Amino acid sequence: MDTIKIGVAGLGRLGLIHAENISVMKGVELFAICNLDADFNREIAERLDVRYNYTEYEEMIKNPELDAVCIATPSGLHTKQIELALEKGLHVFCEKPIGLDTADIERTIEKIDSHKDMVFHLGFMRRYDPDYLYAKQLVDAGEIGDISIIRSYGIDPISGLEGFVKFAKKSPSGGIFLDMGVHDIDAIRWITGSEVSKVWANGSNKAAPELDEVNELELGTATMQLENGVTAFVVLGRTASHGYHVEAEIIGTKGMLRIAATPEKNKVTLFNEHGVVRPTSQNFPERFKEAYIGEMRDFLDCIRQNIQPEVTALDGLRGTQVAIACQESLEKDSVVEVTY
Amino acid sequence: MDTIKIGVAGLGRLGLIHAENISVMKGVELFAICNLDADFNREIAERLDVRYNYTEYEEMIKNPELDAVCIATPSGLHTKQIELALEKGLHVFCEKPIGLDTADIERTIEKIDSHKDMVFHLGFMRRYDPDYLYAKQLVDAGEIGDISIIRSYGIDPISGLEGFVKFAKKSPSGGIFLDMGVHDIDAIRWITGSEVSKVWANGSNKAAPELDEVNELELGTATMQLENGVTAFVVLGRTASHGYHVEAEIIGTKGMLRIAATPEKNKVTLFNEHGVVRPTSQNFPERFKEAYIGEMRDFLDCIRQNIQPEVTALDGLRGTQVAIACQESLEKDSVVEVTY
Amino acid sequence: MDTIKIGVAGLGRLGLIHAENISVMKGVELFAICNLDADFNREIAERLDVRYNYTEYEEMIKNPELDAVCIATPSGLHTKQIELALEKGLHVFCEKPIGLDTADIERTIEKIDSHKDMVFHLGFMRRYDPDYLYAKQLVDAGEIGDISIIRSYGIDPISGLEGFVKFAKKSPSGGIFLDMGVHDIDAIRWITGSEVSKVWANGSNKAAPELDEVNELELGTATMQLENGVTAFVVLGRTASHGYHVEAEIIGTKGMLRIAATPEKNKVTLFNEHGVVRPTSQNFPERFKEAYIGEMRDFLDCIRQNIQPEVTALDGLRGTQVAIACQESLEKDSVVEVTY
Amino acid sequence: MDTIKIGVAGLGRLGLIHAENISVMKGVELFAICNLDADFNREIAERLDVRYNYTEYEEMIKNPELDAVCIATPSGLHTKQIELALEKGLHVFCEKPIGLDTADIERTIEKIDSHKDMVFHLGFMRRYDPDYLYAKQLVDAGEIGDISIIRSYGIDPISGLEGFVKFAKKSPSGGIFLDMGVHDIDAIRWITGSEVSKVWANGSNKAAPELDEVNELELGTATMQLENGVTAFVVLGRTASHGYHVEAEIIGTKGMLRIAATPEKNKVTLFNEHGVVRPTSQNFPERFKEAYIGEMRDFLDCIRQNIQPEVTALDGLRGTQVAIACQESLEKDSVVEVTY
């Protein structure tokens, strides 16, 4: 097959990760980039040897040689950009969340469904992380029996707090449940194979009162009941002093398992004046390096084989619906039933 | 001071632990035991060199030489036995829970309050475990900042399930929240220094349907909001395949800590065909060996110094109230406000 | 730069790893393979889309389009194949050990030195493993002070024993110190920056008496004194029941560190009837997946930038000299001074 | 049986541990203490409620009510004090090493053998540590097959270095192998059930050059061949920055095990700016708290049951002989055969 030509929209941290990963893969070309800052575009175009760079998404997708786009722009732009790309006959890889508003997403799903020949891929990278995949295999093989309880943590490092506050001032994140929690919700749905029926959420801002100004939370918690009787606990945070902490626990009828119970950076242990120390992952590019490569490879494989990925736009909608229910529960301080 | 003479009531697993611990301590004599099974009493009396053994609690406490009792009888008997002992002028160590019914407990507390010269001690042994004590010190020293989230697990080994079912047929446990959860609730209250205001509980019986017959749960979960804004997650269970799993996690504004994140039996690691294996604690006598000694030493120290312990009957009442609220939440499937 | 065309010689386990890694890298083509089994060659050529396949090394290197070779043939063939490739003007990546005989290696080094425009790379993959690299950085940054002691383990899984016995019958491995120990010796030299001056080796065959027939050891140990006063302990083995165990420890004047103290497969922990279990790496392709990619990328970068890699043929010679001294110490049962 | 009356000789750190342990045990009385510093004696006598205190050992053992002595004086005094006590008909518990000179020890053993009615106990506390006992049971049960390799570390915390230097100026320790290594040598002999036949030792002083002045080492290493073919590695040190590090590893034909691979203080894990941190044991009283109680209980049980303990004076002699061989190997820089 011919080389697949991809344009990456958005050159924030995630956009750059995708651009860099694409640039070293065989059989694919980082053909275009699109970002508001023209100077930065030129710098990246030179460094990664990109033919075209744009400041307007609409301009990029007009390029007749383009085969696919990778959307890593602010969340509020996703649905529209997906639709525009599909209309141009482009395959789409879109970062999570698929959107901030369920009506928008539903309309976009219709559009996706009417373009069956185009691949649509959603960036729930945990599904491509070797640790999550290994755990999923154990669960599916019955190693721990039926699932009774699942717990999922996603806590960002405090080193990223300042940047987040700046970002949140410019572009609303949608709140901690939509911004961060969709990953945990998707992991819960993916591993249990069940839908969330009720949620009770809580939140606090003790460690980062500056988040009050931008109407964001430092910590969000949610307890969920699933349709199949599983209870799920979710903790989301923005101020981990030890690094980037993404963890999951699954309690089954025959055993338990944990994924990344401690967010170890690597296999090195230090014995020093602090005690016995395991250095930790400091950020998502480090922690999910292999997963970002894996999901992009899967996207390209789907294009080459003309199939759709396992993760669907509906997964994106469900994640958003549950996250919105969490946000509502937080605001009302009561249990909320998720409506689908 | 003279040797303190103690009578132990109830010779189940916990009663025996207390009896054995007392029997090797200096300055105290295991003076009497009381249990329904006279043959077993004689066997224990001989093995532990006990002067008196009784089948009736009321008879034992009439012994004029007795200084104190240790109550490890079925939970439903506690309040009455406490009161009777106090009336006889005996110091009282009582196993958790202090009672199953709040009115009973409140009446008992009045009795305790009117016998200020008698020491009353309640068996929340986690407060005497070196790991919990070390963690408490770190928290109190501000090492992890203000607490935002606390998580507490108490999961019994599946090896004890059959025995529990038999026991539950004879004597109602009060349900998983009262029977097991009071330890976790007490740990949460002790560490955070705050009271639980709302709870949302859930439960399931996937791994041990035989518990349906005795109206018990295999797994109970509860999410709690505390008065100081802390969120607490509690998991209680009866079917851990790996052993006796008591764990806690405290997430603060400056760091996190975990107590017994894995229930390691000791410092030995095995490398065998299963992988890298840490053997685990198999039961509470093993896991809390030092704590049971520590709480009994504290009881005796209080008697000698004529002071009251830090843990009070009110702690017992609060634990029971929260556990009852959890049970109610489970039955109603809704959030319940705890009333004090 | 044009695409680099590589031919891989030897399609054993390591040859296949290199072939597969090369086949998915950008800017390089898996252009030829060479192996005794013509049927297997055709199978691999088809699967990995290789243009040419040969049963004779001498034929492959005659291919005028070839830029480089990757030698993963039996150890005894390495020196001659290196020389032949250099004479044809080909860049050479060679698996360890560079050779089994020091005179051979010295002659080959002369040849390498007389072909300065050709890149010569030696497959000490631990130098490219992220864990070893991270540890090396900490050491170089002075985090643990001056090194006093270093310990290095390389223990193969028992699952590979049967295959090894078969292999050893056909082709002598050179003994456990040459076959396996050169990795540990190289890691010790690389991390300490010092040469081994004396060795005392020992060995046993308790778990695999079948190795006696092929004059091989199941376990080899060596204690080494280094020129800079460091003591090194080496353990080599072939019968680990828990998997593929490669570990290192560095004790410095200011702290200690360990690399892969337990050979964890990933970040998953299982809690089951065996206790708390960390699954383990089962083989070198799994454990050193990233390192094999890293060393090949470094080889290609050196070709593109026309520089020589940090690891040199002299490192190969030194490793072989120390390994031979260990073998001699084992046979003599006495301390042996290493001669350079 | 009547209360056993014990006199403790030497009130250094270990003497105090024994005195305190004895003072809270049932059936035994801390009857006398003996130490050079009369003021300190009075302070301890008051705190631990001791009837008699002495500045002369010979005076203490004249006390006709005394049943037993616990000797925790400088190593050079042990043999003579053991003999004097036996002559007075006293049971003897003696701290390691039994002596610094083999002729002395052999004479003392003759004396011990001629007083079969007196219990003689030697303070190899690792044999009473729950972790070592558990490991020994696994080994004896065949869980890891036949032993091929054993590794034993004993590294003191740097916090104790200053005190050690002062102590070493007053009273020679006998060198790191005699002073510290006898514990490791005993553990190796006890676990393998075999004797050391050859040793090769090394040492360095990089982290604590002040030890040169007192002719002591900061780090000592020894490789040992045992009669049954086992290879043993020993590391001894005085400058661990992370705490008190006593560790052992046993590699068998069917599996491996490690005792205290990391010297965890307890079950608490901290997640803070340093990473994931396990606090560590800081000193031997903390690490071997239970072992010191266990060995004293065993001593008392032996007296009560009129039997001899499993650990014998011969174990003490063997340990000293191997340690002396290590010291000789270090000085000669060559392999030394141990003579018995």
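Letters A, B, C and D name the chains as they come in the text, with residue numbers starting at 1 for each one.
The definition used in the following text is that contacts are C-beta pairs under 8 Å (C-beta built on N, C-alpha and C of every residue); 3 or more make two chains touch, one makes a residue touch a chain.
Because the structure is a prediction, the values reported are computed rather than measured.
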Legend entry - Shared interface numbering between subunit B and subunit A [over half = same, under half = different]: same
Inset, instruction - Sharing over half of the contact pairs with A-D by residue number is what counts; pick that pair out of B-C, A-B or C-D. - result: B-C
Inset, instruction - Find the geometric centre of each of subunit A and subunit B from their Cα atoms only, then give the gap between the two centres in Å, rounded to an integer. - result: 43
Inset, instruction - State, to the nearest whole Å, the distance from the C-alpha centre of subunit B to the C-alpha centre of subunit D. - result: 38
Inset, instruction - Two or more other chains in contact with one residue: find those residues in subunit A. - result: 240-242, 254-256, 261-262, 264-265, 269-273, 279
Inset, instruction - Could you classify the connectivity of these chains, where an edge means two chains touch, as line, ring, star, complete or other? - result: complete
Legend entry - Footprint of subunit A on subunit B - complex, ascending: 145-146, 148-149, 151, 200, 202, 204, 206-207, 219, 221, 223, 225, 229, 231, 233, 235, 237, 239-242, 251, 253-256, 261-262, 334-335
Inset, instruction - State the interface residues of subunit C toward subunit B in the complex, per the touch definition above. - result: 240-243, 245, 262-265, 269-280
Legend entry - Contacting residues of subunit C [partner subunit A, same complex]: 24-26, 130-131, 134-135, 138, 143-144, 254-261, 264-273, 279
